[in-house]
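Presented below are the structures under discussion, each in the form of structure tokens.
Next, two complexes with subunit A in common: one pairs it with subunit B, the other with subunit C.
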Partner chain A sequence: MATKSKAAKSPKPGKAGSAAKSSAPGASSAAASEAKQIDDRVAGLVESPLDACASDENLQAVLDILRNRNEPVEVRLAALQSLQAASFSVNAFESSRGDYTLALRQVAEDPNPELRQRVLGLLAREKDGFAQKKLLAGLKNPEKALVPPEKALQLLSYDVHAETYAAARAIVSNPPNAMARREALRLLAADATSAPMFEKILRDKDERAEIRQIAASALQALKPAKLQAHARELLLDTSEYEDIQATSLTAVTQFGDGAAIAADQELVKCVDRLSESGGSKVKQGARRFLSKYGFTTK
Partner chain B sequence: MNVELQINNNLAANARFVSWAPSPCRIRVTDPSGVFLPVVNLQITAASAASAGAVVFRRNATGAFSNSLSVPVPMSGASVPFFVAGRFGRPSVNPGDVRIEARNGASLVGSVQVTVRVRKNANLLTPGERNRFVSALAQLNNQGAGRFTDFRDMHTSVSSPEAHGAPGFLPWHRAYILDLERELQAIDPSVSLPYWRFDQPAPNLFTRDFLGVSDALGTVGFGPNNPLQFWRTDGVQGINRRPFFSTATAPPGLRSEAQTLALGNPALGNLYRLFRSMEGNPHGSAHTSFGGSLSSIPTAARDPLFFLLHCNVDRLWAKWQRQGLRFDPAQPASYDSNPASRIGHNLPDTMWPWNGITGGVRPPTAPGGPMAASSLVSAPGPQPRVQSCLDYQGSVNPLSRMGFDYDDVQFA
Partner chain C sequence: MPYVATTGEQTEAQFVALVEALAADPAQRGQLADLLGEEHSHYDQLGTATVVQMRGWVLLALSRVGVDNAALVFVLEELDTGIDAYLVAAAARALRSYPSPNAAFAPFVMRALNHIRLRDEPVSFDGYGEYAVLSAGTSPIRELLATLAWLGPHAREVLPEIEAFLGQRGRLSKKLQIDADRALAAIRDADSADQAGTDNCCALPAGLRSTFSWALGSRRGCETIDSTVFEDHEGAQLTFREFFRGHPSIVAFFYTRCDNPLKCSLTVTKLARVQALLQEKGLADQIHTAAITYDPAFDVAERIRGYGQNRGMRLDACHRMLRATNGVDALRSYFKLGVNFIESLVNRHRIEVYVLDAQGRIAASFERIHWDERQVVDRAIEVRKEITGESVPGPAPEPTATPQGAKTVSPTLGTLASLGVAFFPKCPVCWAAYLSVFGIAGLEQIPYAAWLQPVLVAVMLVNFASVWLRGRSSGRMSGFYLVCAGALLIAVSKTGLDWDDAATWGVALTVAGSLLSALGARNGKSNGEIRQRKGESVSGLRA
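Up next is the complex of A and B:
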């Protein structure tokens, strides 16, 4: 239910209020003048965000700008940013939060993709059920999608449900594009049943380094001992790529068991060799490893 | 003859850190052999490279600082107090890059390595400083299973009224980032929290070796040597952060530092109340110059950039305090204590979650327990009050010193 502010008593609209008022009909139609007017209104909205909730009148004016599809999109985005910044000042904003959420839901289906994406992001971060339903529906039926699948997956990661994992697995099996697969993998990095898949990806030299990096991070969370074992093997593999060896070094340096590593002469010798002969990233990582575990670097 | 030098009145290695605010120190004879006088005059000086940290001394809690100090020290073993401070403009670059020496004539009779540790501009850190910070942060997060989880849980929608929209906004966040910094220092004492100066370009901050580079989707990518590639919060891997500006520049529309520091015209009423409008711009505007976690209260603390942003907010407050000497809680211009404010926002109030109070108007849980202790100072205590977060340098009361300083905010 939308609520009205009873506490706001400022009789003078601030810059945000002025920005709203300057949208009155009769504005100059000359392009330069119009552009300047847009710039002024954007500046007015962005520079004084607390004015947006200084009074109920101001807040409603800024919400009207956000909702109004006839307004220039730059001004609507500025209105959204102003409201967001004001929302950090919770006590002043609290009585208006209902109106704010309602407006965001209305704009979630706006024709402008940037506005849609930003609004859905705001709602998703508040774990808003309306937004989550819309995002999941779009993943299941691309014709209903309000944002691309990779963005939907990213936004759903703010509040992961079983249904989200199912959607992510479907994307990994049949990815619409590489970025969507990447985001699905990031989401599944919290799913214990996905650990075997991440082991496979980490060892697969045909996968992109970025994807193998995600797999390493996922394994470190899901099966830390497995990652440490794989990282060791990747370091000993002289045909392995530099980025993956550097990620492996970061994993064993950051999360390794000091006693076990000190006793692993084969690994220490290998890292010592890499500190001399590896590429620049591997050398850097190898030297950090040797320093962390108390071995002298040459 | 040998002497013992205690920095921050403490022999422990993790107490050998100083900042611009003077640290109480002690010197005493531990081995009097070879000296037959009851008291000997020792010369205390410091040695460091030109590019390293530098310190200054004074004998008492007040008075001028000097580059060296002559101290009469009894052979009985009794301690003699003196004070050490970092020389403003000369912070350390490497841990222990300043050596404090005590000499009896030409003979070196004791020495100790110290670090001038202050909070620095993140864009200007050396690779070593950057790497130590990032490594400590990643360890604190420990893949979402570490102590960082408490910090993430302290800053949510439910707890927001404790920290926002009222006078306690600045003290609460001062305590919050100090608590985090102390936890980082428990991992690596040489680390201090850097600040993101959001009114200036910070291209060195938004790199794959530091806080990462965002792609078009807002997914942040890290280099293979960066341990933040393992970052995880709320069970979810990685960081979402989509800048609405080129990270080679500063975000547009934010109040500049000069504009922020100009807030608080005495003719317009309570100074602090006016200054606090910076909660909207630049603070809120800096948050919302990005899409992603940082732009919403419930998720902002998932992004490490949050803490660098708030370090700069705190630095601006410290500068504002310094320019008008507004450190004293007893001075009305220093704060806006008002009976109408909710609990937690008035000077004598304890602050959640460190006070452990839950239920009623406070949030239902209090993650993290008391404020992390420091080996340098006792303030602000395990359960900080609003009033204990104003005099952070101890310029009004030396016991209020909180143990941090900013590279560009001199001791008052």
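Up next is the complex of A and C:
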């Protein structure tokens, strides 16, 4: 990932200020005034977010703070927070939405990583094509990456229609780090063609429990019947880890076919045994299973 | 080192070059509209954002060279159901290149304004794949306001809606307010109002193709998908043949992950309303409905059941949510579905609803622009009448050899039956006398058959009922009254009242009544003829 300089990290008020409008009234005016202390400006922005869209002048003043790389990052983050809060007021913010989106796109490549990541997060939640393009470009070429790959995958997963499955699959097979692989698997949980991969991961005892649980969750979404079959096998496997047995018990208890399970004596006996001899999580899950399907615990 | 291999750019570059080449060549510009078909191979295996950019680029090319009738439906579709800022803005701009403003466009522009107002964002038309980052770009609202100004007095029908929309305080920024004032002034312009004339807000230009219909004899067989296996919302397996043969059906396509509320979610909600209409008419078990998912790999039984139930769908043996478990490609090919995919996920699709006949063949399709539930139900009822033999009131199926032939045979047979009954010989001696009158020799070869008389009576009664049904549906009962009188006279002639001419008059009246009935029904059908044949638009009815 490309490293960006932390240009605007100074606690002192910025000097440029050409964009800040001192004519804006109210809290936004106070925030725009470079003469004030950073804390006062932050408070001015955060206290009354709707002030930002009270007039075009106010909005432009807050947007200018957000865009201005010479402003202290605390003030810019507060401006972003204020705008974000104002955007929840759909009607009041309607006329400002275009300018807001434009400003976010301008800040998406800001040198400050925290601001950049938050802005990309806001755009990605709106399924913004510009943000998706930048995030995908970063996955394809780490030199252009604006956020770490795991974060990029997380943000891209907001839009199921983003062009991300191929990218996620490539990261699963060649992960830059463990977190990126985990996020790629989470993203692929909505990809029907990845079901065989999840079956393999679920049965692989060399995988971490967290990854196997992601695989179980993905199978429940994609191939629920397959998960039931695997969960049964995992419960019958006496060498299986406790976390995975607990997950398997949850699957068969919550989503199993009652009639089929009641008739499955081998499974019922196994769960009965687990209710006595398993670890605490397994015992709890096993008792819930027996109770749900009408078997009495010893 | 890249984590991910780079793909797709080559396809996009080729596509852009193709669009530019087509736009530059007046002889090939017509092909630009073809590139807007969702099923086009250029869109295969691309993400939705890329497809948006590509389609937007075609719309922008059209805005430069002019939108014709073939492309118009794509432009109106985007305004009708689009929720992407770039595409709506491009469609609004493209519409202004249509040869002349038309009042029928105004409701589409108004709907687009309402849909896009909370998604208004800057867009850039400067180059392919560009996003607006500086303030110099345009936006969908700005383009739509410019299109309203272009429509001018042609948008008078929606003026109250526009005023209500623009009248809300804080809805538009100061910059857009100038565009809004310009649009309002153009619409209210009294000088241009006379030129706008009295064009109908509901009549779209002729040739706009959004509704298609196929006459009985011209429908494609569905043998290719007869064995396609579906799983329904309960997980039950059945083939296309099992569910779609033996009765007409209304079929809509959808997928649960569609994020456009104006497409799949609304389509399934409207299909639920179709079911309610069928229920009202007592046809819920005679006309089946089905919603088939484009995304069978993800849309498992439980998921489609929940999706349908949440939108008011009635789900039972006649009305199902379906996912194809095999033969998806055959299904896509048979319906010529307007859809494309990135892997198994839909990247773009159109709205599409079909009416199938009792053989599972496509009798009608309603595409792209929002369909009217009643119109679809009426078409399905027409298709159903092809089986029951009832004549079709109002806009009826296109006359074809088979049904016309059948309807001509009916009165002829009935009339012959009346003749038979009237002049049926009472005994073997009469039979011999008749044959001698006609000079027929070899009496032993044509034996007298007493059973023939009840058969002829039965056929006459069938004619009686047929003329009544035809009269009721066409609203012309005179033929029926003549046939009644004829039957009465024939009955009288059989009672032994010694009125020799009664049978002759009875036959004459029956012939006259039958002919009158047959001609009346045919004229009625011609008069109401089939607005929606051969691609003629009916989508304007909903405006």
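In this section, the second predicted complex is superposed on the first by the 259 of 298 C-alpha atoms of A that agree within 3 Å, B and C clash if a C-alpha of one lies under 4 Å from a C-alpha of the other, contacts with A are read in each partner's own complex, and residues count from 1 in each chain.
What we mean here is this: a residue touches a chain if its C-beta (ideal position, glycine included) is under 8 Å from a C-beta of that chain, and two chains touch if they have at least 3 such contacts.
If you're wondering where the values come from, they're calculated on a predicted model, not measured in any experiment.
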item: Of subunit B and subunit C, the chain that contacts the larger number of subunit A residues; value: B
item: Subunit B versus subunit C as contact partner of A:278, first or second or both or neither; value: neither
item: Which of subunit B and subunit C A:125 touches, first, second, both or neither; value: first
item: First (subunit B), second (subunit C), both or neither touched by A:44; value: neither
item: Contacts of A:161 with subunit B and subunit C, given as first, second, both or neither; value: second
item: First (subunit B), second (subunit C), both or neither touched by A:190; value: both
item: Touching partner for A:256 - first (subunit B), second (subunit C), both, neither; value: neither
item: Overlapping contact positions on subunit A, where the subunit C interface meets the subunit B interface; value: 90-92, 94, 127, 160, 190, 224
item: Parts of subunit C lying in touch with subunit A, wherever the complex brings them together; value: 1-8, 46-50, 52-53, 86, 117-118, 120-122, 129, 131-135, 139, 141, 168, 170-174, 176, 257, 259, 295, 297-298, 300, 302, 342-347
item: Complex contact set, residues of subunit A against subunit C; value: 53, 56, 90-92, 94-99, 101-102, 105-106, 127-130, 132-133, 139-142, 149, 159-167, 170-171, 174, 176, 180, 190-193, 222-224
item: In the complex with subunit A, residue positions of subunit B that touch it; value: 131, 135, 138-139, 142-145, 157, 160-161, 164-166, 217-219, 221-227, 229-230, 232, 234-238, 240, 244, 252-253, 255, 277, 279-281, 283-285, 287-289, 291-293, 295-299, 342
item: In the complex with subunit B, residue positions of subunit A that touch it; value: 43, 46-50, 81, 84-94, 117-118, 121-122, 125-127, 150-151, 154, 157-158, 160, 179, 182-183, 186-187, 189-190, 209-210, 213-214, 216-218, 220-221, 224, 242-244, 246-247, 249-251, 253-255, 281, 284-285, 288
